[in-house]
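Please find one structure pasted underneath; my questions will follow.
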Amino acid sequence: MMDVLNAIVALLNFVVIPGAAYGAQLALGALGVTLVYGILRFSNFAHGDTMAFGTAATILVTWLLMGAGITFGPLPTALLALPFGIGLTALLVLGTDRLIYRFYRRVKAAPVVLVMVSMGVMFVMNGVTRFVIGVDEINFADGGRFLITAREFRDMTGLQEGLAIRTTQVITLVVAVIAVALLFWFLNRTRTGKSMRAFSDNEDLALLSGINPERVVAVTWILVAALATTAGVLYGLDKSFKAFTYFQLLLPIFASAVVGGLGNPLGAIAGGFVIAFSEVTVTYAWKKVATYVLPDSLAPDGLLQLMGTDYKFAVSFAILVIVLLFKPTGIFKGKAI
Amino acid sequence: EDIKIGISVGFTGPLESLAPQMAAGAELAFKEVTDSGLLLGGSTVSSVRADSTCIDAAAATAAVERIVTSDKVRGIVGGMCSGETIASLNNVAIPNGVVMISPSATSPALTSLEANGLFFRTSPSDARQGVVMTEIMQERGIKSVAVTYTNNDYGKGLADSFQAAFEAAGGKVTINAPHEDGKADYSAEVAALAAAGGELLVVAGYVDQGGSGIIRAALDTGAFDTFEFPDGMVSQALEDRFGAEINGSFGQNPASAGEGRDRYVEMATAAGFDGTSAFSAESYDAAALILLAMAKAKSSDPAVYKAEVLNIANGDGEVILPGQLAKALEIINAGGSVNYEGATAVTFVNGRESAGSYREIEFKDGKLEVVKYR
Amino acid sequence: MIVVENLHRHFGGFRAVDGASLEIATGSITGLIGPNGAGKTTLFNVIAGRLPPTSGRVLMDGEDITGLPPHELFHKGLLRTFQIAHEFGSMTVRENLMMVPAHQSGETLWNTWFGRKRIAEEERRLRDKADEVLEFLTISHLADQKASQISGGQKKLLELGRTMMVDAKIVFLDEVGAGVNRTLLNTIGDAIVRLNKERGYTFCVIEHDMDFIGRLCDPVIVMAEGKVLAQGTVDQVKSDERVIEAYLGTGLKNKIKEEAHG
Amino acid sequence: MADPFLIGSGMTGGYGGADILHDCTLAVERGEIAVIVGPNGAGKSTAMKAVFGMLKLRQGHVRLNGEDITHLSPQARVHKGMGFVPQTHNIFTSMTVAENLEMGAFIRHDDFRDTMAQVYDLFPILKEKRNQPAGELSGGQRQQVAVGRALMTRPSVLMLDEPTAGVSPIVMDELFDRIIEVARTGISILMVEQNARQALEIADKGYVLVQGANRFTDTGKALMADPEVRRTFLGG
Amino acid sequence: MSVNWRNIGLFGALAVLYGATAWIYGWNLTLAILNMGLVSAIMALGVNMQWGYAGLFNIGIMGFVALGGLAAVLISMPPVTEAWAAGGVRILLGLAVGAASLVAAVLVWSRMAPGRLRGVVLVAVLIVGFVLYSTVFDPAVMAVERTNPSATGYLGGLGLPILLAWPAGGVLAAGAAWLIGKTALGLRSDYLAIATLGISEIVIAVLKNEDWLSRGVKNVTGLPRPVPYEINLQQTPGFVAWAQEWGFDLATASSIVVKLCYAGLFIVVLLVLIWLVETAWRSPWGRMMRAIRDNEVSAEAMGKDVTRRHLQIFVLGSAVCGVAGAMMTTLDGQLTPSSYQPLRFTFLVWVMVIVGGSGNNWGSVLGGMLIWWLWIMVEPIGQNLFAVLTAWLPDGSWLKGHLRDAAAHMRLLTMGVIMLLVLRFSPRGLIPER
């Protein structure tokens, strides 16, 4: 009995909980990508760097707050600073839109041109973020890091295996669920949300219906800034902040958005978990679990690993490709431009 | 004369957070020499930075091409990663006859590369460190470990040589798995490492990269709480980041008995950067070697001074530590001989690379402490 | 001859085509009419291989062609036009026509490099042919215009023109008339008749303009709610109560008259 | 003479290349129906776009209710009470039928459920399909959505570019019927039609456009009676 | 083709740009940039075929380029006999077993009637196949990788002249593209994009981790060259005499000559490819491809086999990228799997295509040469810019130090700004499609 419990806890501790947290992190990022794709109709390569900028801004404010002796009790101070970070990021992306993207909307540039433009923006933001906060790794989490640590759990239950749950993991999951619900509600139920969808569907006709495109675009960018900053900060709290890593996050985030179905908030969530869990589960070594569950005589020698972790990225992409073969526009029917 | 020396490291790219401290290290040596006014009758040394990107061989080649053919540098501290180093060596440095001393390229391929006497490195070969690690572990009675390495030639080479040495000594490596730097999440890696088990986890990576991510995840999930750190990991950042959480962990990095490395770290701190950052000290040494060799050869021409590098590194005169470059120049100018030890105990084997004497460190009460030298 | 046997095409729970069976006789100009949403276009799409049927069969001259991809049907001589024009926007109007004929030797990469003489000759012939068609459709002046930049009705003409570039056996026309000037539509009608008489094309025509249907079509098939509602000559159909109720209505004129009286 | 309610006078311009419109004039009085006919490519749609401000005019003016609106954006014109159904791309394909109608009422802040009910009355099929994405509708059904969307605006001028293309006779009758009704409530209607005979029948004024210029202008009845117009433009 | 002065002007400007670089930085650097510029132009050409011709959104270019690189190793490196003896044949056998079980699985899937049984059989075939494969394959790999791991530890290549690797790279990439195309070309736009991206990541993962194949992250260095070595030239009496006669510096002269040799080879390949694609593009084949790109549904109804044509162009475009990849590896003289990063090998190439003007081959060439030049030259440009901007700050001030460290990142920032400027003033690319 104990053994089975141990096996379950081991699985929870090393697969389910980290997978879920990572999935939620990806999902939050993917929500931003999917929103830009859905409303403004291009794949925004600058999203990773928007996240990085938002996080950098939040970190600076966090330091200010800490310097002033303000903290958030058991929760990380960064959460207090988050609204300011979002504000700054919103200013940045709105400025970017005014300065850059608007022109391409005017000339009705093809989506792929916008993709390239966003790549240019990515380079610039990349430089700006590094300029503001540098390239080093920064830890800005304070407050209680754990709801329960592995050791506490072991002492509490007397099991051999520990179970660690971090505050940030829980916050991320909760925020991701709330964000997707809000976004879904906003897009499908509110006037502004519907006008945004209308704009994305047929810009000319939206104009003819009296929808103000600039407003739609502005609202979209503000939402994107909020999502990107939140995603970035939560990720940074859970792991750490580093400009380069945020840029690297772009690929799994895109993969999540695509596999879930572009333009669909639910898809972003589903996609995030698919990507995260395929990374963690397929390369999981079952040795530990097997050792608990099987009788001693059958205890495995090898790792019982289907594939080395070196292939985890490849595996998650392979799963993505397979999903797409059966669902060509993602799990939740997404858009294709 | 104003002597230009190139610094070719990856200011952008995956190791971008290591590069500034490496460049600063080399420039510290330049400044020291310039200020002494003793090199080749008062020559100044100025630095020309080139971004080798660490990963893009073509871009690195072009950047080195620029500083060699356009800026006419007389020697290069760099490159950073082995692949890019070999490319710029073969395509630029050797054809143009420029000396390159790499602080951080550790690939075994560089040991035997036909280089016309133009290539050296202040980092020891991976094989040596594997042996040292094994010794340390045996002394501590450790029999079974899990290994994770950064998936490049440095990590792979180190992990393989360690595994070979450790297993030869009767130890058991439960798993030897790579991790990619700069990735968002390391749960999968840690899950596999935890499943394999072991008394401790060897992290053959970079502290500013995936290495920290792995440790974080391993600590958080309770998979491991003691670690062994090779040279890419041992730095102040490790202490700052994890402190007491990794009490009892240990590691090693190149340094000689005597206070070479400590002096360097002090100098770096005074100059406003972190001297414990990986390969920063090696960069200082690389720069110093080039300059001292010039002094010894009485020429800044690489074709001439390349022959003296070895004499400086393995000389039999007075031992030179960081901050003593002026003294060294005096001795050399007076016709004497020096033995450059620098911050990382520079002694060359195979005619071009550091033999590697190491110091063993351990974390006690959240502090990095030196245990002994070997 | 095209035979459609008990064809079904469902979208989710919705039965767009719900057990339609019909025949299109060789050499005829068959009209297909019915209220909006009757399933006419869907039926076309299934016959022409755009959509797989949910069930049922389509036979062409006795051969089962159900579910063949459109390009294979094209090679069997089955052509169609689209209700919503599908032009090749970045190409000129003439190129839109010239690309149609099959088995152009210039479509093989090898020939584009090593058989250029032959291609040049073929191209000349195609060009002449295309110009002929353009002339006929009264849009010669648009030959070098980008197809995305012509008017809605002109796009419809282009749709029709493409079917005239090859020797088809059977042509499915989906509302060629919508948005086309009536005078021109008459000319198009004449052309259809001529192609039918002189070249032996079979036509199946969806159209809401009953005058046009009346002038052209011999059998007329009426669809409603995915099924065949009625079938017969134009006059038979026109006087069919069910057809009047579902499709034709009592006519605007009557209403205006009523108002004038009342 | 007082200006008509809406007038585009002496409009000259095109899409950037050669001019499409040459000194073209269109006007409609309050509560009246004006119909534009002409061969394909004559510039009818272009003229409509010009009136709605979707085209840069080189010359000419557009005036609404006496006010010069030549330089207003289309969006501003919507707020001035103009409604437009373009010839193509006239629905939001990814949105449901109901949402399409709601978007029609976007600028209205009152309760538009009544209008929506009216539209559903007019096109019962739309009510049936109100929760289906409009892109999945048949050609004629889409057309009904497009017109319905414009009706939702409650405009003072309604501009329709071939509203009856592809709709079945019975619906077409209804549609014309409804257009008359709408006009009776004081809304001006400017529309392009290829079903010219029915359209001219109900028109107060008809324009025949050829190569971007006015060829004939008269009452609808008179144009219908003109044998030349009939032969060349109305298909005999 | 009528003479287009704007285009000639643009290429003229490019020439001036390279000329100015030569004037300021010397010919050595300029030729180095030119050579990679030419290779980049070929990559851009391949992408343009797929995107500009057929609207296929392939962002897996990196994978095909890497396969080209792999071909260079497999063709040119000498075989490692000890490794072959240790398990070479067995590795091949293992691969054959793996392939056979995959084929069997596909057969089961396509031949058996859908249902529970099919699923069971499929899984059974896969499991048995996997077990068989690992029992044959894994020990062999272990043995091969154990043979002198620090120097070889892989099977080596065929020891043929490296020029052969260029077409071989094309073939290898084409083969992979065919497999990918067969499965994934049904996907549209960004879905295809992410699928190709994923597949390229898989290719890189294999290159990085299958040490027996190409040494993984330990890199294969010292590939043979198709042109002479500088050092050898410097020791060739004839060359030395020639250089002295003209008064050239020996080192400079030798490296310039070597680079010119490369440039000559690359230009020949580029011109041949351009001629091939341009001729095809102007023929009925090109017309058909444009039709397919504009409207697949309609093209299909007009009798064009869209699927086949997509596959054709996908394979051809990928092959061109593979050739370019082999050329690049030849130029570098080594295969370094960790250098294959999407940013550098996929997205940068896309920037080249779009900035140059998609749908236009000359645009791609221009874009390739220009963007590569930028990629290299923004570094000194950015540095100089910063030097000028910070000149007024006192030496050793904190801000100056901070700015100086930031200067390196100005490389990317400058790149971004210039890209945005170009796209701002010609949003359809410098040489738009006619």
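Letters are used for the chains, namely A, B, C, D and E, taken in the order the chains are written, and counting of residues starts over at 1 for each.
Assume contacts are C-beta pairs under 8 Å (C-beta built on N, C-alpha and C of every residue); 3 or more make two chains touch, one makes a residue touch a chain.
Please read all numbers here as calculations on a predicted model, not as lab measurements.
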item	value
Steps needed, at fewest, to go from subunit D to subunit E via touching chains	2
Minimum number of chain-to-chain touching steps separating subunit A from subunit E	1
Chain pair with the higher count of C-beta pairs in contact (A-B, C-E)	A-B
Chain at maximum distance from subunit D, centres defined as averaged CA atoms	B
Chain centre separation in whole Å, for subunit B relative to subunit A (CA means)	35
Euclidean distance of C-alpha centroids - subunit B vs subunit E, Å	31
Interchain centroid distance [CA atoms averaged], subunit C/subunit D, Å	27
Euclidean distance of C-alpha centroids - subunit B vs subunit D, Å	76
Interface hub residues of subunit E, defined as touching at least two other chains	208-209, 405, 409, 412
Where subunit B touches two or more other chains, by residue	16, 20, 151, 178
Subunit C residues counted as touching two or more neighbouring chains	none
Full enumeration of touching chain pairs	A-B, A-D, A-E, B-E, C-D, C-E
Residue ranges of subunit A touching subunit E (in the complex, touch as defined)	37, 43, 45, 100, 103-104, 107, 109, 112-113, 115-117, 119-124, 126-128, 130-131, 134-135, 251, 254-255, 258-259, 262, 308, 310-311, 313-314, 317-318, 320-321, 324-325, 328-330, 334, 336-337
Subunit B residues touching subunit E - in the complex, by the definition given at the top	11-12, 16, 19-20, 49-51, 55-59, 61-63, 65-66, 68-70, 81-84, 86-87, 90-92, 94-97, 107-109, 112-113, 116, 127, 151-153, 155-157, 160-161, 178, 272
For the subunit C and subunit E complex, residues of the former touching the latter	48, 50, 69-71, 74-75, 79-80, 82, 86-91, 95-96, 98-100, 102, 104-109, 111-113, 116, 119, 122-123, 162
Touching residues (chain side subunit D, partner subunit A) in the complex	52, 54, 73-75, 78-79, 83-84, 86, 89-95, 99, 102-104, 106-107, 149, 153
Sites on subunit E touched by subunit A in the complex	51, 57, 183-184, 186-191, 193-195, 197-199, 201-202, 205-206, 208-209, 342, 347, 350-351, 354-355, 358, 405-406, 409-410, 412-413, 415-417, 419-420, 423-424, 427-428
